[in-house]
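Shared between the two complexes below is chain A, which has chain B as its partner in the first and chain C in the second.
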Partner chain A sequence: MSRRLYTLLATVIGLAFALPLLWALSSSLRGGSEIFQHISRLSWETLVPASPTLANYGALATGAFGRAILNSLLVALVTVVAGLLISAAAAFGLSALRFRGQGALFAIVVLSFLIPFDAIAIPLATLFRDWDLTNTYAGLILPGLGHGLAIFLLRQFFLAIPGDLVEAARIDGLGWFGVFGRIYLPLSRPALVSAGLTLFIFQWQSYVWPLLIGTGTDHQLGPIALANMRGQFTIDYGQLFAGSIVLTVIPLLIILRFQRHFTQSIATTGLK
Partner chain B sequence: MKKSLALMSLLAVLAAAGCGSGDAGANTLSFLGPEDPKTFQPVIDGFEAEHPGVRIAYTQIPFDQLNSTLQQRLAAEDETIDVYTVDQPRVSALAARGFLADLSDWKDRVKQAALPAQYDVNEFRGKLWSVPIWTSDQFLFYNKTLLKQAGVTPPSSDPAERWTWERTVEAGRQAQARGGAQWALIPEQIEQYYQLQSLPESLGGGSGITGTDMLTPALTTEGWIKAMTWYRDLFAGGLAPRGVGSFQTSPLFTEGKVAFFAGGPWDVGTFGAAKDLDWGVAPYPYFEGGKQVTPTGSWSWGINPASKRQRLAREFLEYAALNPEGNLLTTKASPIIPANRAAFEKYVPTLDALAGEKSRGAGEILTYDADHTAVARPRSVGYIQFEDIMTKTFADIRNGADPKTRLEQAAREVTTAWAQLR
Partner chain C sequence: MTTPPPTSTRLPTPTRPTTPRRARLADRPAAIALAFLAPALVALLVLRLLPAGIAFVSSLNHTSLLTGETYFVGLRNYATLFTDPTFLQSVRVTLLFSVIVNPLQIAAALALAVLFTRRFAGVRFLRVLVILPIAVPPAVSAAVWSVAYRPDGLLNSLLTVLGLPPQPFLTSPGQALWSLIVLLSWIGVGYWMMFLIAGLQDIPLSLYEAAAIDGASAWRRFWHVTLPLLRRPLAFVLVADTVANFLVFAPVQMLTNGGPEGSTNVTMYDIFTRAYTVGDLSLAQAEVMLLVLLVLAVVVVQFRLLRGKD
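Then we have the complex of A and B:
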């Protein structure tokens, strides 16, 4: 009996959390003036659009937002691929090799992700401007590449790989790059997935940085295109909701796809 | 496999880096603002047609981040900004920090070309820092259907027969009781100083800022307290809704739930597009026995002193502000009022006809207000902080705070915020 009660309670709480998102979804399927029609008196029509339309999504695809989503995807994917290589190499250096100052170096890595990015964004933007990186993809991608948290996650995972395995490979004549590419990387898929997701989310939601380095329309990212839809005098709420849904669904799909690896990695990073 | 992956990612980074900013040429002017690119396309096209070989690259910055982004980039002497839009009450603060190029040699030309209230707002410490592009006004929109059902005669569009706030509220109340209106009267910018300044000003309470350096708050005058008490009662009495933000209010009027709506010329287009809505437009009200005061002011444009293309930037400003044709083009894509006198006169009939019979009279009100009742926001280096504090104050009063106590608190907050500016 109490078990059923708990299930019911959990369902109600779950629905309460999902409700705003469902409302946004249903609003994105309505025409402009219909959105606020059913809000002052709650009824089933508040959540179910009377005549659903995909017009808002159509308008998004043709406007600046479509381009911005592609830009966001490009920036995030390049960051994930290049960032993972850099972070994994750094983590490998910090775990498999032994050298003087290793502890200090690791401390710097940990410190680097404890400082919020927004705190260093302004001076960093000035540097990027001097290097002529304003309004370029490189300017958008570079700050996301070396991510302290990704290095930390990977290093913890790498530490769990038995030293004997490395020793055996070395005796068999495998170089350090071989050990890294053929032993460490294939064994660390869960950790790579979680580090990759960290990098992806960092870029997907970046907002202050693209504004600081003067991103023009050609290089605009999704969150900024979404904010730009809020005009000064009029707001197209239908498109705004549709844009929010698109921006939410893409990372959601990616997380769902890699969910299994992600939970696995969290469960095993602490193990030796 | 791993090798090819590494190679691919490297190539991707290099390719991305290669797509650099190729448009930083000597003849490309970069222009920053919060509007949708479509808004400025006509004026940009017009300017480019008159200046072959010149290109204007416009970048939109989200409205809420415009000021902070500009502040950070201008402080870093970012030369990739040439021309930018300036919210008129912020001219003083931007000029004081050295973020605007001096345009004083245009003083006489701007004085001659602009509408009366549109010169002063661009001046600070005797110098001219920006040029006026747009101005604004407020109207009283009313829902014809609701008033008819309540048996209320709607207000006239004649500025000589301007209604008082008291009369508007009374008529709105009747529309609620007998006409089926959900709300009696909603001011569009329900928590914004832009709109609410007109209330204490009408009662002789002043703008809220005083002193020779305009750094002394004057928020506890009789006019302010009386106006804010009236404003609190509007919400406490169920005449206007709580919990709806500025600019979320116009959908309520569009849905036909509101008897009276105090809004701007931009609403003429929005309301005109609502098919089943029958409405009309009347002059913005004032308090009985008080002064007729209407909100005004909008955006100017200025030049970044760090820009390397000063000459070209001035030519663009000249075209958009001083050339009536160019100024009119800035209003082509969205219904906002041009600040150039000659452009304004051409624009008035357009606004009058924008929504057919419904918007008739809007042009006449606009012309009358611009010459007689428009009161701009105060010019103070501390305006930015002042506006932030006032937005919160209005929100609290709207939600039931005691007007006198809350205004005293606001005055203390403003004094503290301004201490470092003195």
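Then we have the complex of A and C:
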């Protein structure tokens, strides 16, 4: 009996959370003028378009937004690959080897992720302006590379790799680079995936930084292009919703694909 | 095969130099580790700590708009900030916002975590629906909700169906902040719920069984078993959520521009307008410093909370 009550309660809550996205999805499949017609009188047609069309998505692909999505993908992918290499190497230096001053270096890593990036985005933007990095891919990508949390996640995982394994490999003549590339990286797939997700989401969702640094249309990222659609004199709501769906579906698919790792990284960050 | 570096004989290991092989193993670990660490350290120093340092230095300076000269003014920028009505208004708004949004989101996340760790039909699927908004970038949620909050938008038509009068939402000084809080909770609650679910799943079922045998009611079991054992994840969520909410920017910039009547002028937006619209970078940097210090203070509180009992 009470289980049915739970289902009922959870259904109402779940639908409330899903409603804005369902509405955005159905609206993205309508012609521009139709959107508000169906809202004013709420009915099942609000969520299910009578004659769905992909016209909004087609229009997006040819406009500035298509370019922006490609930019976002490029920036996020380069950040994930380069960021993982840098972070994994750092985590290796902080876990596989023991040396004096390690604690101090680890403290730098922790301090750097306790200072939220958005808070220091403005002073960093003035620096990047001096270095002529505005409106460049490098300017967009670089801040994603120094990611303390990714290093932290990887280090936690690396610490669990048995020292005996390293010692045996060293005795067999494997260099430290070999230990890193042939033992630590292959053993750490789950941690690499969760750190990679962290890096991807950081870049995909970033708004303050690309607003400050990627001002030209050539280097615009998806979220900025979407925000600019609203700034225009007449807003094409169909395209606005279609853009919203594209920007949501891409990370959603990636998160769902790696859901297990995602929850795992949540568990390690939260419980430590 | 590795070739031992030339210095291997000169530097014995500080711990216990037993065999030559062991000596090679621990050979100059600091230098090797530094080589692996160097790219990340450079990145963190240049991209995170240097800007914080720059904000600090330039918050102590003033650049004259007339001559372009920069000179040291000590803490005068901070003093100016605390007499600036816009800044003081922004502090009030940020405090009000934090005092409402954080307890609200954490209570909702906790309630949902308890609900979604029960066993009932459809629990997995329904839980995904609540988590769904975490995939949505802040700019997208702002865009979607901006249309929903329009006078002829989704929310007002829902209100009409329920027989309630339409509301102004973002255009009303009394409702704009609340509208942002609803939007941000839609994004955040599912995310924080995931941390609490992970914590709840770590509590051994036997404790609940023992409490039930002792005749403890569901409420007492929640109060005396769940809450104490959820202390660590709760402390983490409390701090991480508080920090995240100090940094809210995209929805404010896209939906309200700090208005109406400054009612949504939260710190991040105030810094942004101070730097780029007003153009007083030194004052903006002073405000950046205050924000960084505030965030670090919140984190110190977290470590206190976590060190507490166990």
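Note that in this section the second predicted complex is superposed on the first by the 256 of 272 C-alpha atoms of A that agree within 3 Å, B and C clash if a C-alpha of one lies under 4 Å from a C-alpha of the other, contacts with A are read in each partner's own complex, and residues count from 1 in each chain.
In this section, a residue touches a chain if its C-beta (ideal position, glycine included) is under 8 Å from a C-beta of that chain, and two chains touch if they have at least 3 such contacts.
Here the structure is a predicted model, which means the values were calculated and not measured.
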Simultaneous placement of chain C and chain B on chain A, clash or fit: clash
Partner chain in contact with A:R230 - chain B first, chain C second, else both or neither: both
Partner chain(s) touched by A:V48 [first = chain B, second = chain C, both, neither]: neither
First, second, both or neither for A:V81, with chain B first and chain C second: first
Of chain B and chain C, the chain that contacts the larger number of chain A residues: C
Touching partner for A:I141 - first (chain B), second (chain C), both, neither: first
First (chain B), second (chain C), both or neither touched by A:I151: second
Chain B versus chain C as contact partner of A:I122, first or second or both or neither: both
Which superposed partner A:D132 touches (first chain B, second chain C, both, neither): first
Contacts on chain A seen with chain B and repeated with chain C across the two complexes: 36, 40, 122, 126, 211, 224, 227, 230, 237
Residue ranges of chain A touching chain C (in the complex, touch as defined): 3-4, 6-7, 9-11, 13-15, 17-21, 23-24, 27, 36, 39-42, 46, 86-87, 89-90, 92-94, 96-102, 105, 108-109, 111-124, 126-127, 142-143, 145-146, 148, 151, 167, 170-171, 173-176, 180, 204-205, 207-208, 211, 222-224, 226-227, 229-230, 237, 240-241, 243-244, 247-248, 251-252, 255, 263, 266-267, 269-272
Interface residues, chain B side, partner chain A - complex: 2-3, 5-6, 8-10, 12-13, 16-17, 19-21, 23, 34-37, 57-65, 69, 72-73, 76, 78, 80-81, 182, 247-248, 250-252, 254-255, 257, 264, 266, 270, 274, 334, 336
Contacting residues of chain C [partner chain A, same complex]: 1-2, 21, 24-26, 29-30, 32-37, 39-41, 43-52, 54-55, 58, 112, 115-116, 118-123, 125-127, 129-130, 132-148, 152-154, 157-158, 160-161, 186, 190, 194-195, 198-199, 202, 232-233, 236-237, 243, 246-247, 249-250, 253-254, 268, 271-272, 275, 281, 284-285, 288, 291-292, 295-296, 299
Footprint of chain B on chain A - complex, ascending: 33, 35-37, 40, 64, 74-75, 78, 81-82, 85, 122, 125-126, 129, 132, 134-138, 141, 181-182, 185, 211-212, 214-217, 224, 227-228, 230-235, 237
